[in-house]
Every structure is written in C-alpha cells, then in structure tokens.
Amino acid sequence: MPRILVLNGNTTQAITDRIAAAARAAAPADAEIEGMTAPYGLPLIVTRADWLLSGPPILAALAARRGAYDAAVIAVFGDPALDAAKLLLDVPVVGISEAAFHAAAMLGRRFGIVSFTAALRPMFEDCLDHHGLRSRCAGFRMGPPDASYPAELGPPEQAQLLALVRASIEQDGAEAVILAGGPLAGLAPLLQPQVPVPLVDGTAAAVRLAAALAGLPRPARPQAPRVLTGYGPEVTSLYRG
Amino acid sequence: MPRILVLNGNTTQAITDRIAAAARAAAPADAEIEGMTAPYGLPLIVTRADWLLSGPPILAALAARRGAYDAAVIAVFGDPALDAAKLLLDVPVVGISEAAFHAAAMLGRRFGIVSFTAALRPMFEDCLDHHGLRSRCAGFRMGPPDASYPAELGPPEQAQLLALVRASIEQDGAEAVILAGGPLAGLAPLLQPQVPVPLVDGTAAAVRLAAALAGLPRPARPQAPRVLTGYGPEVTSLYRG
Amino acid sequence: MPRILVLNGNTTQAITDRIAAAARAAAPADAEIEGMTAPYGLPLIVTRADWLLSGPPILAALAARRGAYDAAVIAVFGDPALDAAKLLLDVPVVGISEAAFHAAAMLGRRFGIVSFTAALRPMFEDCLDHHGLRSRCAGFRMGPPDASYPAELGPPEQAQLLALVRASIEQDGAEAVILAGGPLAGLAPLLQPQVPVPLVDGTAAAVRLAAALAGLPRPARPQAPRVLTGYGPEVTSLYRG
Amino acid sequence: MPRILVLNGNTTQAITDRIAAAARAAAPADAEIEGMTAPYGLPLIVTRADWLLSGPPILAALAARRGAYDAAVIAVFGDPALDAAKLLLDVPVVGISEAAFHAAAMLGRRFGIVSFTAALRPMFEDCLDHHGLRSRCAGFRMGPPDASYPAELGPPEQAQLLALVRASIEQDGAEAVILAGGPLAGLAPLLQPQVPVPLVDGTAAAVRLAAALAGLPRPARPQAPRVLTGYGPEVTSLYRG
Amino acid sequence: MPRILVLNGNTTQAITDRIAAAARAAAPADAEIEGMTAPYGLPLIVTRADWLLSGPPILAALAARRGAYDAAVIAVFGDPALDAAKLLLDVPVVGISEAAFHAAAMLGRRFGIVSFTAALRPMFEDCLDHHGLRSRCAGFRMGPPDASYPAELGPPEQAQLLALVRASIEQDGAEAVILAGGPLAGLAPLLQPQVPVPLVDGTAAAVRLAAALAGLPRPARPQAPRVLTGYGPEVTSLYRG
Amino acid sequence: MPRILVLNGNTTQAITDRIAAAARAAAPADAEIEGMTAPYGLPLIVTRADWLLSGPPILAALAARRGAYDAAVIAVFGDPALDAAKLLLDVPVVGISEAAFHAAAMLGRRFGIVSFTAALRPMFEDCLDHHGLRSRCAGFRMGPPDASYPAELGPPEQAQLLALVRASIEQDGAEAVILAGGPLAGLAPLLQPQVPVPLVDGTAAAVRLAAALAGLPRPARPQAPRVLTGYGPEVTSLYRG
C-alpha cells in the first residue's frame, strides 16, 4: 500500500486539485495519493529562474511530510528540485518530465513532445538533455509562441492539439507522444481513443513509476549533519543528518 | 491485480525457476507472476546471433499465452525480440536490460554496470546504445574475459563482485549500480546492505516497471492481417490481425 | 573473381530479380553475382517485427549456400540478421543500409535520405542509429505517410523524388543522397544525370563494398559447437562449430 | 573600466578572500573587482543539493549590488544559480566551471580536468554535460575518493597534482588542463612553469571572460512584473519587473 | 594594452577594412587593433577547399608579424588554419566562428545561426561540429540557397534577416543569435535594438575573447626545429623551432 | 581495371615504397597501383600544423596526375587535404584513416585503435570525430608517449603490439582492430594469424574502398572558374573550372 506524495511546485491550489485528481485516476489500486501545494514561490512556474526559486519551497514541503509517504512526485514540468530531493530523501522521488520521458521510451522507440506553446520549448529541451534521452525524442510539435494558457481546454483547443499529435506521429515518426505542460494534464485518457500510439501524461506516468521504484531495495544512507543557515526549519532539518 | 508473464528466453528450466523467484520477491503485492521457458532455441543465450535465434521462440511463447497476462517481461539481458514484441502485442512488454537502465537512471544521475566477465561487454554496450542511455552510464566494471559462469555464487565470487561495485562507485562516480547477467540475478537484495547506492537487478526492475506501464492507457491497435510463412501456429497468429 | 551472394530477405521472386539486376549492373567486372530469395517469411518486409522474423530464413539461406560465395549482401533496407550473419559466417556480410550509409559518408560530408513514404522513417532512424552514423546524416526527405508503394515508378513519381532530392541538397545541405527502400532500387543511375551530388543506391553500394571487404585478411574463427534446438538443418548447421 | 562582482556562493569569508585575490591577479588592467560572500547557505558547497540551496542567496547577493557592476562571476565550481542569474540580470553573468570549460576549449583541442578527490567527479560530470562540452574533454584525473580538502596545498600535494596533470597530458592527450575545485584556486600560475600545456583556473578564466562579454551589445529586456512570495526583498526585487 | 592582430584570410582589402572597423568598435578600450590581409589565396573564401588553400597564406601573415601582437584573430567564418596557428604560435589565436559559438553559448542556453544563404550551411555545420558545440545550437535559419552576397545590406535585406532572426527565436527557441558570414559583419549593433536576445557578431566576439585569453598564463613551448620544404620564409620560420 | 593513385603526403620516398607495396598486395586483381610522393612539405607528418601544410603539396600531386587515375588514396593517417580533394576532383578520393574506420565498422560492431605511441592520440581522436564514427570505437591502446618510431618493427615491437591488440579485444571489447600509423603499415597480414578478430590496415582498406567507390555513378560537376593566387600551376589548375 504505497503512500505517494504528489507535490505541486506552483502555489496555486486549483492546479494541485487537478494534478491530484489525475494522480488518483492513474495510481495503482492499493496506493494512497496525497496532493500538496508548495508553501511559497510562484503561482505558475515557467522559466529557469522559476525552477530555481521553486526549489526550496518544494524541499520544505517534502521535508514537512517526511515519513508520511513512501515515494514522492514533483509535479512540475522541468523537474525543479529533483536532483536535490533524490539526494536528501530516503524514499524515491520522481519528476513528471523524467517520468514522461522514461515511460514514453519504454512504450515506443521514439517519442514526440506536444505542447500548447513554443515559448516553453527551451525549457523542455533543457529537461530532455538533463535526463539524457535526446536520442529517443522524435521532435517537438508546439502551438504558436504567443499562445496564452487557457484555464480550460475546450473542443477547439483539443482539435488543435490532436493536429499536433498527428503531425508528430506522421511527420516525425513518433511512436508515443507526451502531452507536456500543466494545462494538458488529465487530457491523455480523453484523447487516447482518437490516437493510434500511446499518449503519455507526466503525472500519471510519475505516479506509477514512483510506486514501482518504492518497491525496490534501497541503501540506508545515513548522512553526516551539516551546517545550513538562512532557511526555515523544514529545509534545515534535511541537513541535520 | 496485474498478471505478469516472465519469460525466460533460454531453454533451461532451472534459470526460469531462479528468475521467477526473483520476480515474485520483487512484484507488487497484488500482482500474479507466471514464469515460462522458451519452447526452443538455446540453453544459454550469449551472442548477438543467439539474440536473433531466441527471438521467434520468445514470440511463440508470448503468443501462446496471449490474453492470460496484462504485461510481459523478457528476462534475457540483451532484450531479444523486445522491439518486435512491443509492436505485435497489445500489452506492455519490458526487457530486463531496458528496465535496469531506466530504473537505475531514475535512482542516480549515472549508473555503473557490473558483471562477471568482460566477454559480455560488447553485448552490453549494444544494449545500452539501443536504449539510448549511454550518457547516463558511468562505465563498466567486469571480471576477467575468460571467467566461467559459476552455477552458484559463493562468498569469494560475492566478494569479487563487491570490489567491482565499489570501484564503480568510487572511481567512476556511479550513483546506482546494475548487476548484469543471469548468474547475478537475485543477488542485489543480498549485497545491498554492504553498498551505499542502489543496486539494480534487471528482473526486479522489469517486473515493477511492467506493472507500472500496465496501468497506463493504451491505444487499440487493430492490425491488418498479413501473410507470414514458415512459422508455427503461435507466431503466425501474431500476423493474423 | 569474387562470388557474391545477394540475398533478398523478402519471399517475393520479382523483387529478387530486380535486386539481382541492380547488383549485376554495379558489380566489379570480375565478380559473379548469385541472387537468392528467402525460403520463407514475408512477401514484403516493413516493420521491426518483420526484421526479426525474416532473420532465421535469411540465415538459413546463407547457410544453405555456404562455401559457394566469398561475400554476401543482405538486400533488405534495415539489415535484418546482419549482426548474426557477421558473427556466424567466415566471409564478409554487408547490409544494404549499412553500405549506403558508409558509401555516402565517403562521398560527401553529410548525406540525405530520400524515400517514398514517411511511414518508413522510424525504421530508417533505427538503422542509422544502429550503424552510428547519425552525425553524418543531413536529414530525411520523404513522401506522404500514406503513400502506397507503386510497382513501377513512372515519370510523375520520379519527378516527386527529384523534388525531394533537391530539397535535401538545397535545404538540408546534403552532399550525397541515398535513395532508400525497395521500389527505388535501380533508380539512382537513371536520375543521376539530373542531380549535382552522388545518388547512392544501397544494393549497388553493398555489392561493391562486399567485394572490397572480401579481399582483406580475416581471422580463422573456429567456433565451439553449441546446442540449438527447434530450427531446420541449415540454421542448425551454423551452430555445429 | 568594467566593474566585476565576484561572488563566493559559500558563506566562508576566507574563501572569498582567496578567490578575490585570484580574480584581481587575473583581471584586465582597467577592471575593478569586488569580492562578495553569499549572505546565507553553506560554508562549503559540495553536493547537488548544496547547488540548489546556495542558489537563492547567490541571487540575493547579485540583486543587492545590482547597478554596481557591469558583469558578475559566480565563483563556485558547479555554477549554482547561473541559469537563473543569466535570465534575471541585465549584465553578463559567468560561472567558473563554464568559464574554465570554454577557455580551455579555446586553448587546446581537448582539455583534461584535474582535481583533488574523485568524490567530486559526479558533480563535475553534470557540469560538463550541462555546458555541452563533453566531446572536448579528454578525461578526468582525480585523487582518491576519500581525500580530505587541505586548507593549504604544500609541496607534497602540489607534487601529487602535477602527477595527475602529467597523466592527463600524456595518457589522455589533454592539450589544456583545468585545475578544478576550491582548494586549487590560485595554483595555476604557480604550477604553470612546470607544465607544457596551459593550466586553466576557473576564477581567472571567468573574470576575463566576464570582462570580454561586458563589452558586447545586449538587448534591453524589460520584464513584466510577476508575483513571487516567501523570499526576502532582494530576490523579490528581481521579479518586480 | 593588448595588441591584437585581426587577419582577413580573404585577399580583398575592402573586407579587411570592414572587419578592422568592426574589431575596433568592439575592442577593449586599451587594446590596439591591427588589420591585415592575407598575402595570397582567394578573394572570397567559400568552400572547404578554400579553407585549406587559405591556410598557408594565413600562417605566413601570422609569422610575418610575429612579436608585434599579443593575440590574433582569424577573421574568416570556418576558422581556416586555426588549429595549426594555435599550435605554432606562442600567443592565443581565436577564430571568428569559434568565438561566436563560445560567446553565444555563454549568453544563452541555445543559440541560433542566421545567414544570408543556405549554400553555406554545410560549411557552418562542419565548423559547429569541429568546435563540439552542436548540442548548444538551436538550429539554422538561412536565406535561399542561390542568394547572391550583396556588397551592401540595404533595408530590404535587413528586414529579411530580422525575419530569420525572429524565426530562430520563436520557432527554434534560440536565446542568442549568431549573424554568420562576411556580409553580415558589423550588422549586430544595428539590429540589436529590434531583437530581444543577444545578437552575436563573430569579429566582435573574437576580438574580446582574444583579449581575454591574452591575459591568462601560458606555457613556454620551445619547439624542436623541423624540416619543412617548399614554403616561403615566413611559414618556414614557424618550423625553425 | 581501375587505376588507383596512392599518394604519400610525406616527402620520404622510403615510406612511399612501403605504402605502395602494401597497396599492391591488397589491391583487386585488375587494379593498377601508382605510388607517388608529395613534391614538398614534411619528411614525416605528425601534428595538426603538418596536416595543413601537407595539404597544398598533396593537391598539387593529385592535380599533376589528373586523368591518369580512377580513384586516389591519401596515405597519411589524419587524412590531410581529404575534404578539399573530394571537392576539387572528379574521381573518388579516400583517406587511410577514413577507410580504416569505415572498413573496421563493417567488420565488427566496435573497433579498437592500436598504435605505437600515445603521443599521436590527440590527432587520432580528431580524425575519429571528423569522420563521425566515435560511437563505433571501443577505445585506444597505445604505447608510451615518448616511444620513438623504429624504422623496422622487430619481434619485440611486434610482441608489444600484440599485447595492445589483445587488451583492446579482451578489455575494451573490440571486434576489429585498426593498426594505426605509418610504421605499422603492412603489419596486419603478418599478425593476423595470431589474432581472433580482423586486423585493419588503413592503406589496404583504402585501396579496396577506393576501387569500390570508383565503380559507382558520379555526377558531372562542372565548376565555375575562380581566382586563386600564389600557388603553383598544378594547384591553380584545380580552380580553373
């Protein structure tokens, strides 16, 4: 009965609700999902600077609930704080971009990445390079650079996304397609019936991979206590050893 | 309650038994494991030619049990028949090398690969390149090229492996270590207490990742029937549409 | 006077005839070409699963004529059975994709790949990665994903291909262009007068490179006999040592 | 007369003093160097988690002195906060690993990386990959994984480092060698007379490259104000637009 | 007060004048710029063969002024003679493509390359690969393959270039853009006000990076005298030890 | 009856004789080999600067014999002038490093590179990268950096080379081994009987591949005449169109 903490790095509760719902829909039958919102930072994480500044509140949240989960998911495309969290915590931590890439790579030889706006492309490229899966990526298909993020994706937006998905499959040869970015969360099961290759949702993939990793043996990693100043008690506790 | 078929591509029943035991020990609580042995081919798969010739019997076995499993694991390092099986079957199929690489990549920034004998290195390199995770690999640490595969790994062999694992961590900077190759199956939980980074066993990783992928949405992929001659009824059935 | 076996992995005799003619047209003056059709398998090899299943009949054919040729060409784009054949036979074996890539790389700094339909792109990408020549490829230019393979390429199809070749040269900077896929075999000499860079045909390249390699010294590689079950006498003979 | 802020991300003043001295020694004649210590965080940054947590105090320091410098150097191997700082500030910001890699690449075809202890290798590899200069690196030569960082490098340590430098040149083919890591700062000019290829010090390289970039035209990048909560006034000011 | 020799590898004095002006505009306040024209070779270097044949006159020019400069810039896109010059001279030598790539990589995570005509793309690709910065490049945006090089870039050409720059930023995600090729020299400062990311000019970047490297310690590299025949006194002097 | 010009870029006739003998021993039965020595330049080409300066005399020699050969081999490890020659001549030109890499890649999945002295490693790495076959290379095994090149390789040198070859096979997993560098020319057939994988000699491979490429169709490439000054009549003739 793995307990999985799904942490929204944005400070917006509505996003947390949507992510938690997607996580619950995808979780193994015996898993328990706890949704959580970053205690401070940015309402919507977009840039590399946002990635950095959302890091400490993500660690604070992970530290605050330590012991209450068997695996954690950082539910922000771009995986802020992921490397640090993997190091500081004694349970598996999975990022939603990381999970999307690895799951897609196991579902097809090359995966496409589809998103609403080309403005996010540099960040997605960074992410792909960081996880080393560039050679498994068939390419990006994204909406116009100035597309605004609609709160709700109605039929016209869905039709536009489907066209991008099809271009990814037919022009780029994608054998699995990642729907990337917050507003697309939860859309994969909806669109899947119209698409002949697996559609991968980062949150769904991350929850299932986190549960998978939680069952593998792990080393005890007692850490020597170290001095850290200027942070609140939760983050500081991670350096107490 | 995912049903997972764990298929030994070698024709040796004793190997199937060992693999099935390792799979059961690692499986999610609610999963059912069925071990199966390839109906023909080679007692011990070693070379690239073996990979090819073990392919049709692996497909035959997968076809014979179609409908009786929700995900399958091909339990041969080198992942023979994996690409074909992913294409022909309507459930996820995971290879043990593929699983070891992806799991290790989520458990540490760079993983080492440790095995008994350097004679397998070319095959392992092929495998790593095929899955595109070369840049996540910290390097290989392997025993002498002429090492014979002992049936049982006693304390001296275990000590030798531990030394290779330590070199991988300390010299190469590995943050997770894969124990690769048949004779090392089941060893990871035994050695883990003496090792400060995660030790990854391919079978254990594959069973858990297969269960993870079985829960994600998949497209219906009705295939047009095609002519295939010269194969037995099981393999031929995979082309019947 | 090298004797070169040109093996069509498809079971369609008409394809064998076309390939053998192209091979004879390109062969060194003193070479002898023998065309051969795979004894079983698929009329037209298209997918990765086809690659695997065409492997054993290709090996069977190579084994059946052992001793009667000094080098062999596997004339299927995608090079099925190639790695196994290189290992099991004591003469050079060359695949037509392999040959096209290496020849093109020696004829221009970057080569383009042109084909009739984008549906084959994933397979061609696999092939390119397997041979490690990705960085020498200027890109793909392919017809629509749903293009059907015409039996004969009339003037309209040739004009369409020429347009793709020109885009490859002018937009992608290709300095040699590979015409890839069965229906394009034999077309290179026809179109060459209208194209300012070398046009590479896989079969022609393979025959010439196979003849080239046949003249280089090779090790004696006596193999220990090994058990292989479930295959016919030709394939089994390859494991008899 | 470029004013260059050299920011020590560690909270240890003694390290700042050493770095500032090295920076002054290497700076262009007309440059002004200001050394600065991170206001909070870690006395000695070592791990990836440290990189993240040293990020906000580095940004705070950069924000506090905004307007008082024409270019900034982040003087921590690993370049914490670098991507964010490049985005948020209107002057060039250069990291010392980044500078070492780029300078070394311009001084020799392949550069070696020498450091005191193999324990830092994973971090250095991350860094190298992040900047995309892997193919220019001839390899790592590092002391034992358990080496402790001496405060002062006496003749025995210098002799040991020289041996590593020579192995890098003679065995790995390095044509420039980076001395990496805090305790080696300032050592390059001392050891250079005994070494036949350029020895690169990150701080020296960064100061000179920062001065170089400060003279190139830059876009005005007015940023829209955005909400950021939970940070002190300096960091928050960077999001005020 | 670094003295920087800026060497035009083309034999056309008008190009030298334009380059020297751009160099002076970008140079550090205390630097002295000397422009110089290759003594023989080609009026306009375009192809790889041109690169080779412009090499000896570039070396001759560098040798002729030896001792009169502290750093040199080879001002030809493609960096002819660069590797040889780095080896033979005892001061830093920087190429303008090399400088553009390294500077752009420090100014943005991925840089685009914009030029007048796609005909130069193969040469630019070679260059990018030679310097190992492929993964930092967001892509090429170039005019038509048959564009002729205008002597002067009027408003229509500038508008066309701006459109390419914008496509590079918005479609490819470039965070810095290199204006590549002779006719674009000096254009960056003009267009910068209309562009939201740094525009990089190779000559400007090279002059500043050359000045930067001139201040770093260098080894004495006494070379053994070697026999070289068939060259004039300047080139021959470089082999005299 | 292909006529193949084998051009020694060194000015030493004894090397030409040895190379021509190796070329004749390996050539197809119907080929004619003409050995030729560079008219000026260096007695022994070793460095990157040597590569550049041996370029014009190599082009001069190729131009002088234009029309008298159907394919040319540039017999210097490092392939000086190769890119230019491919562009300027209307017959195939093959370099011996290029040929060794491509032939070895067709003879085994990964090839090792063995040479007398580690001093050449940087040059060999450049070469490997230039041809884009890095991922097919299993690694380098080379003698000490200060090894002097013996004129004749006696039994002790041969034993030392055999040990390097074995390390390449057993430790690095090489499935073909290139004997690289002048003094090793002609050694492959001698050592082959003691080695279980193909030993590749660059000259032998180049002659056979040049003959292979000579039989493939080529475009007419009429070149517009261009101005080139300062070179002798042979080189200049290559620019006359």
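Should a chain be cited, it is by its letter among A, B, C, D, E and F, assigned in written order, with residues numbered from 1 in that chain.
As a working rule, a residue touches a chain if its C-beta (ideal position, glycine included) is under 8 Å from a C-beta of that chain, and two chains touch if they have at least 3 such contacts.
Fair warning: this is a prediction, and the values are worked out from it, not measured in the lab.
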Contact-graph distance - origin chain A, target chain E: 1
Equivalent interface positions on chain D and chain E, same or different at half: same
Mean-CA-position distance for chain E and chain C (Å): 42
Mean-CA-position distance for chain B and chain A (Å): 27
Chain C-chain D separation of Cα centroids, rounded to whole Å: 51
For chain B, residues contacting two or more additional chains: 48, 83, 109, 129, 132, 134-135
Topology of the chain contact graph, where touching chains are joined (line, ring, star, complete, other): other
Chain-to-chain touches, reported pairwise for every pair that qualifies: A-B, A-C, A-D, A-E, B-C, B-D, B-F, C-E, C-F, D-E, D-F, E-F
For the chain D and chain A complex, residues of the former touching the latter: 11, 39-43, 47-49, 51-53, 55-57, 59, 81, 83-84, 87-88, 129-130, 132, 226-231, 235, 238
Touching residues on chain E, where the partner in the complex is chain A: 109-110, 135, 138, 170-173, 175
Complex contact set, residues of chain A against chain E: 48, 118, 121-122, 125-126, 129, 134, 145
Touch list for chain F against partner chain C, complex: 1, 26-30, 83, 86, 92, 94, 98, 102-103, 105-109, 131-136, 188-189, 192-193, 195-200, 204-205, 208-209, 211-213, 215-221
